[in-house]
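Two complexes follow with subunit A in common, the first pairing it with subunit B and the second with subunit C.
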Partner chain A sequence: MPKRKMEKSKALTQLLYGQFFQQLPFNVAIIDRDYNIIEANDNFTRYFGDWHNRKCFSVYKKQDKPCSVCTQKEIFEDGRTRVVDTVVADKDSRWAHHVIQSAPLRLTPGGPVDYILEITSVVTDTNQWQQEYNVLFDRVPCYITVIDEEYRIVRANESFRERFGDVLGQYCYKVYKRRDKQCPRCPAARTFKDSKIHQSEQSGIGKDGKKIDYAVMTSPLVRGEERVAHVIEISTDVTQIKKLEKEVLEAERLAAVGQTVAGLAHSIKNILMGLEGGKYMISLGLKKDDRSMIDRGSDMLDRNFDKTTTLVKDFLSFSKGRLPQLKMTDPNALVEEIVDLYKDIAGVSNIELKARLKPKISPAPLDPDAIHTCLTNLVSNAIDACLMGQQKGSEVVISTRDEKGKLVFEVSDNGSGMDYEIKKKIFTTFFTTKGGGGTGLGLLTTRKLVQEHGGKIVVESQKGKGSRFRMEFPRKRLEMLYRESE
Partner chain B sequence: MAKKVLIIEDEPDVMEYLNTVLENNGYRTYTSTDAENAFAMVKEIVPDLICLDIMMPRESGLSFYKRLKETKTLKNIPVVVVSGVIQQGEFDFRSFVPDETIAPPERYIEKPIVVDDFLDTVAELTASDRTG
Partner chain C sequence: MTDPAEKNILVVDDEEDVRDFLKLALIEAGFTVRTASDGLEALEEVKKRVPDLISLDLVMPKKSGAKFHRELTRNKAWAKIPIIIVTGHARDDLGRADLRELTMSGPGIYLEKPIKPDRYVAAVKQVLGLETSAEEKDLADQVELQSELKNLIDDADPDTLRQLKDMLKKKK
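Now for the complex of A and B:
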C-alpha cells in the first residue's frame, strides 16, 4: 500500500474510533492501574463533570480513598470482565442506580491488564421494574417454571432450582417426577389445549430424592394472537401440610385404638366378675346344699362364657388392622343394598325403612364392605331405638348427599333418642344400653371404619325424639388415600 | 340389726354376685339397675352403705354420686365404688368431678372383686363406731 493511502486509512480509523467513543449512548471511561481516569467520552463528562486528574472513586462516589470492595482491583488481578450494580453520584452529587460493565484492556495480547474500560449506564424505571420482577420471580415462595410445547423447562425460578436443581432444557415430567413420559392428569397439557388455568395436586421428587407434595396451577402464556406456546407452572409446596394431615389422621386412629383397649379391659372385667360370681354361687350352693343357688351359679357361668365368645368374635373383626380396600363406589347403590336387606326386618316391627338419595351423586373411593358394615350397624341401632321408643309411625331414613366437599351418609330415626350422658359414651367405651344383647362394639367398629377412610361420625340426638348419625368423608382425603393405595 | 346396703349395678350377673355375697354375710341388701331409680330408693331406705358402679346406661354412677353429695340429708352415706374403670385401686376422681366441695368416695374397688377384701371394706364402712 502506498504510504499516503496508509496514512489516510489510519486517520479514518482514528476518526471512526474517536467518533464512536464519543457518540456511544453510555458513559465510557478508561482507568489506569492507579485508578486515574485517563480518558472519557462526552456523555461521561456531561454526567459526571470534569474528570481530569481525578480518580474513579472521587468521580463516582465522591470519596477520597478507594472503595472497600474494589471491582477494578479485582479485574487488574484476574483479568476478568465484571458487571456490577451500584449507586453513583453525578456532577451535582445526585445519587442514582447504575450498572457498570468493566472490561480489561491489554496493550500486548496475553499480557497484563493495563487499563480498564468502564461503561456506566443509569438504571431507568423500566430496568428497575424488570429488576423487581426478577426478584419477585426468583424469591416468591413458590416453584415457578415456564415450559414449552415439548414440555421442556425454558425458565425456572430460584426457589424451583433450589428444590429441583438446575434443569433448564429438561422435560418437566423428568424433573418433577423423574418419569420418562408425560404424567397422567397433567394440568399443563390441559392448559395447552384450552388456554385456561388449571389446578391439580401432585407429588414429585426433589433433587435430594425426597418426596414433595405440591399444588400446581398452570396458566397459558400467549405471545401475540397465536396458540399457547408456553405454560407457566406455579406450584405451592404442601409437603408439610400433607404431613400434618397424615399425622392428624394417624392420631385419630391411635386414639380410637387406645379407647378400644380401655373399653375392652372394662368389658373383660365385667365378664370376669360374672364368672367369679358363678363360681362363688356354685360353691356356696354346695356348702349350703342349696340346689337353686347352684343352678343360678351355673347359669351365670354359661352366660359369661357365651359373652366371652361373642366378645372375642366381635373384637377380632374389630381389630382387623387393615387399610380400607378402596375402589370407586356408587354411594347410592350401597344404601339401596342396605334398604333391601333390612326392609323386611323393619317392616315386621312396623318400622318404615326409607332411602333419600341425592340423584347422580359422584362415585367415591370407598371400601364397600366397610361402609356396608357401618350402615348395617347404624340401621340396626336405629331399628332398636325405634323399638325402644315404641312410637307409632316409626321410620328410619338413610340419605346420601354432598356437603362442602364431603360425601355424607346419614341414618336418622324417630325412636327413643339419647340423653347427654349416653351420647357422651356411645363411642368411647364398650358401651351398650341393650343389656346382655349387645357387646357395645357396633358403633366403635363403625367409627373405626369411618376414621380409616379419613372421615368422621357425628351424632345428634334428643331423648324421646330420635337420633341422627352422620358419616362424613372429605372427598379430598378419600382421593389422597386412594392415590396412596394405588 | 342388719346393716342396709344398696347395690347400684346395671350388669345383672354382677348384681346377683354382690347381692349373694352380702346377703350371705348378714347384710340386708337393696338393688337398683339404674342410677335414676336408685336415688329415690336412697331417700326412702337411707342405707348404711352404697355400692356404686360407674359405667351405667342413662345416668352414670358419677352423676348419681354428685347428686347424692349435693343432698344435705344424704351426703354422709358412705359410698364404695365397684367398677371396671378402676385400676389397681386408683381412679382419677377429680378429672371427672373437679368441684372440690364434693368429697371423693370412701373407697374404690376394682372388678372383679376379691370377696374377702370386699367384705372387709363393707364391714369397715358400715361399722357403728365409724365417725364422719
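Now for the complex of A and C:
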C-alpha cells in the first residue's frame, strides 16, 4: 500500500476510535497499574468531574486509599474481564448503583495487561419488567439490602429506607446499629466466607431512634464469579413478635404464681379444718369433763399450728427469688454433679443411677442452683418410684440433649409409674403419695423453677412401667431472659 | 322414728385430723361411724358393709373421690348410697370438674372445708331424712340452700351476679 494511503487510513482509524470513544453512551475510562485514570471520555468527565491526576478509588468511591477488594488488581493478575455491581458517587457525591464492565488492554498481543478499560453505566434505565421488579423489591414487607465486601450498602429497598433512612453507600453496621465497626455475630461475614446462607437475630436502631428487633438472613449474590462479591441481607421486623413472646413468658410466670396461690388456699382450708376439729374436741371434752378428749383436741391444734408454721416457711422459700440468677452453665456438668451426689444413695437400694449425656452440648444461661434443685427433686422422686415398684434391675437415667432449639433434661425410671389420676395431681401443693415421707412441694417447686426459666416440664408415665420427667428450655427464651438480666 | 345409731356412716378423707374430727362429730350425734383414708380403702369398707351414707373427700391419693364414686355407681345397690362431699377443692381446677360430675350424677350435696361440726351433722341428718330439732333443721336447710346457691352462682352470668349482689346488699 502507498505510504500516503496508509497514513490516511491510520488517521481515519484514529478519528473513528477517538469519536467512538467520546460518543459511547457510557462513562469510559482507562486505568493504569497504579490506579491512575489516564484517559476518559466526555461522558465520564460530565458524570464524575475532573479526573486528571486522580486515582480510580478517589473518583469512584471518594476514598483516599484503594478498595480492600480491588477488581482491577485481579484483572491485572489474571487478564480476565469482569462485570461488577457497585455503588459509586458522582462529582457531587451522589451515590448511585452502577454496573462496571472492566476489560484488560495489552500493548503487545499475548503480553502482560498494561491498562484496564472500564465502562461504567448507571443502572437507572428501566423497562417495564424492571419497574415491576423494583416495586416488588421495594414493597416486599421485609428490609432488603445488598452489601459489598466492604460492607457498604449497594442497594436498599424502600421498606428498608423508610425504616433506616436513605443510606446508599454507607456501611451497613453504621446504618443498622450505628456502630463504627463490624457487628459481632455478623451473618454477612460468614456468607462472604463460605458462600452459604446464614441467619441471626439482631437488634438495631431505626432512623426514628427506636429499637428494632429483626431476624436477618444473608445469602450470597453471585453472578458467575467464584468468590462472593455481594451479599443480600433480608431482615424481618420481629419487634412485635418479640414483645408478644415476652408477654407470653410473663403470663406463664404469673400463671405459676396463680397456681401457687390456689395451692396455698387449699392447704389453708385443710389446716383450718384441723383447727376446727381441735377446737371442737376441746369444747366437747370440757363439756363432758373428758380429759383425754381435751388432750386429743389440743394435740390436733398443735399439729395444725405446726403445719401453718411449715407452710409459711415453705412458701417463703418458694416465693423467694422469682427471677432466676442466670449464668452460662454446662448442662452436663450439672447432671454429673447430681449423679455423684445420688449414686451411693441409689446404690444402697440396688438402683443404678446413670447419666446419658449428649457430648459437647453447648452451655446455656441457667440458674445452676435452681436446676440443681429441680434435678435433685426429680431424681429423688425417681428413686422413690423404683423403691415402690420393687422391681429387679431398677435404674434411673438422667440425660441431656438439644431438641428443636430446646435444651432438654430428662429423668426417667423404671419404677412404679403413675396412673392418670395421680399424674393429674402431681403438681398440686401438698399432694403426696408418700404418706408422711413427702411434703408435696417437690414437683411444684420444680415446675415453678422451670417456668421461671421460660421452660416447661412434661411427664410421661405408665403404671407399673415407670415415669419420664422432661424439662424443656427453649434456648431462645433463655437467651432473652439472659439479655434482660444483664 | 329412726335412731341415728342404726345409721352406718363411712367417712372418707386422706387427712387424719379431718377424719377424726368428722368421726367424733358424728359419734356425738349418735351415729355408727367407720373411716377410710382413700378411695381404695373406702371401696373395701363398702364391700364389707354397705353404709347408709358416705362422707367423701374429692382429692386423695391412690383413688380419688370421683373415681371411687364412678365405681360405686357401677354397682346398682351401691349407686343409691347418699353422698356428702366435703372438700377444699370445690373452687379450684383440681376439684371443680370432679365436683360437677358428682353433684350432677349423685344424690348428694357438698360442703366446703372448713366446716363447723353442727352444720356437718345437720347436713348428714337432712340427707338421711332423720328427724332433726328445729335448730338443726334450720341449719341443714341453710346448708342445703347454700350448697344449691353456690352451684347456681358458679354457673351464673355476670349480670345475674350483679343483680344478686344488689339484692343481698339491700337486705342488709
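Simple rule for what comes next: the second predicted complex is superposed on the first by the 296 of 486 C-alpha atoms of A that agree within 3 Å, B and C clash if a C-alpha of one lies under 4 Å from a C-alpha of the other, contacts with A are read in each partner's own complex, and residues count from 1 in each chain.
FYI, a contact is a pair of C-beta atoms (placed from the backbone, for glycine too) under 8 Å apart; a residue touches a chain by one contact, two chains touch by 3 or more.
Keep in mind it's a predicted model, so treat the numbers as computed, not measured.
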item	value
Combined model on subunit A where subunit B meets subunit C, clash or fit	clash
Contacts of A:Val408 with subunit B and subunit C, given as first, second, both or neither	neither
A:Val231 touches, of subunit B and subunit C: first, second, both or neither?	neither
Shared subunit A surface residues [contacts with subunit B and with subunit C]	265-266, 269-270, 272-278, 280-281, 284, 296, 300, 303-304, 421-422, 425, 431-433
Residue ranges of subunit A in contact with subunit B within the complex	265-267, 269-270, 272-278, 280-281, 284, 293, 296, 300, 303-304, 419, 421-422, 425, 429, 431-433, 435-436
Subunit C partner contacts - residues on subunit A that touch it in the complex	262, 265-266, 269-270, 272-278, 280-281, 284, 296, 300, 303-304, 421-422, 424-425, 428, 431-433
Residues of subunit C defined as touching subunit A within the complex	15, 17-18, 20-22, 24-25, 28, 59, 61-64, 67, 88-89, 92-94, 112-117
Subunit A partner contacts - residues on subunit B that touch it in the complex	10-14, 16-17, 20-21, 24, 55, 57-60, 63, 84-85, 110-113, 115
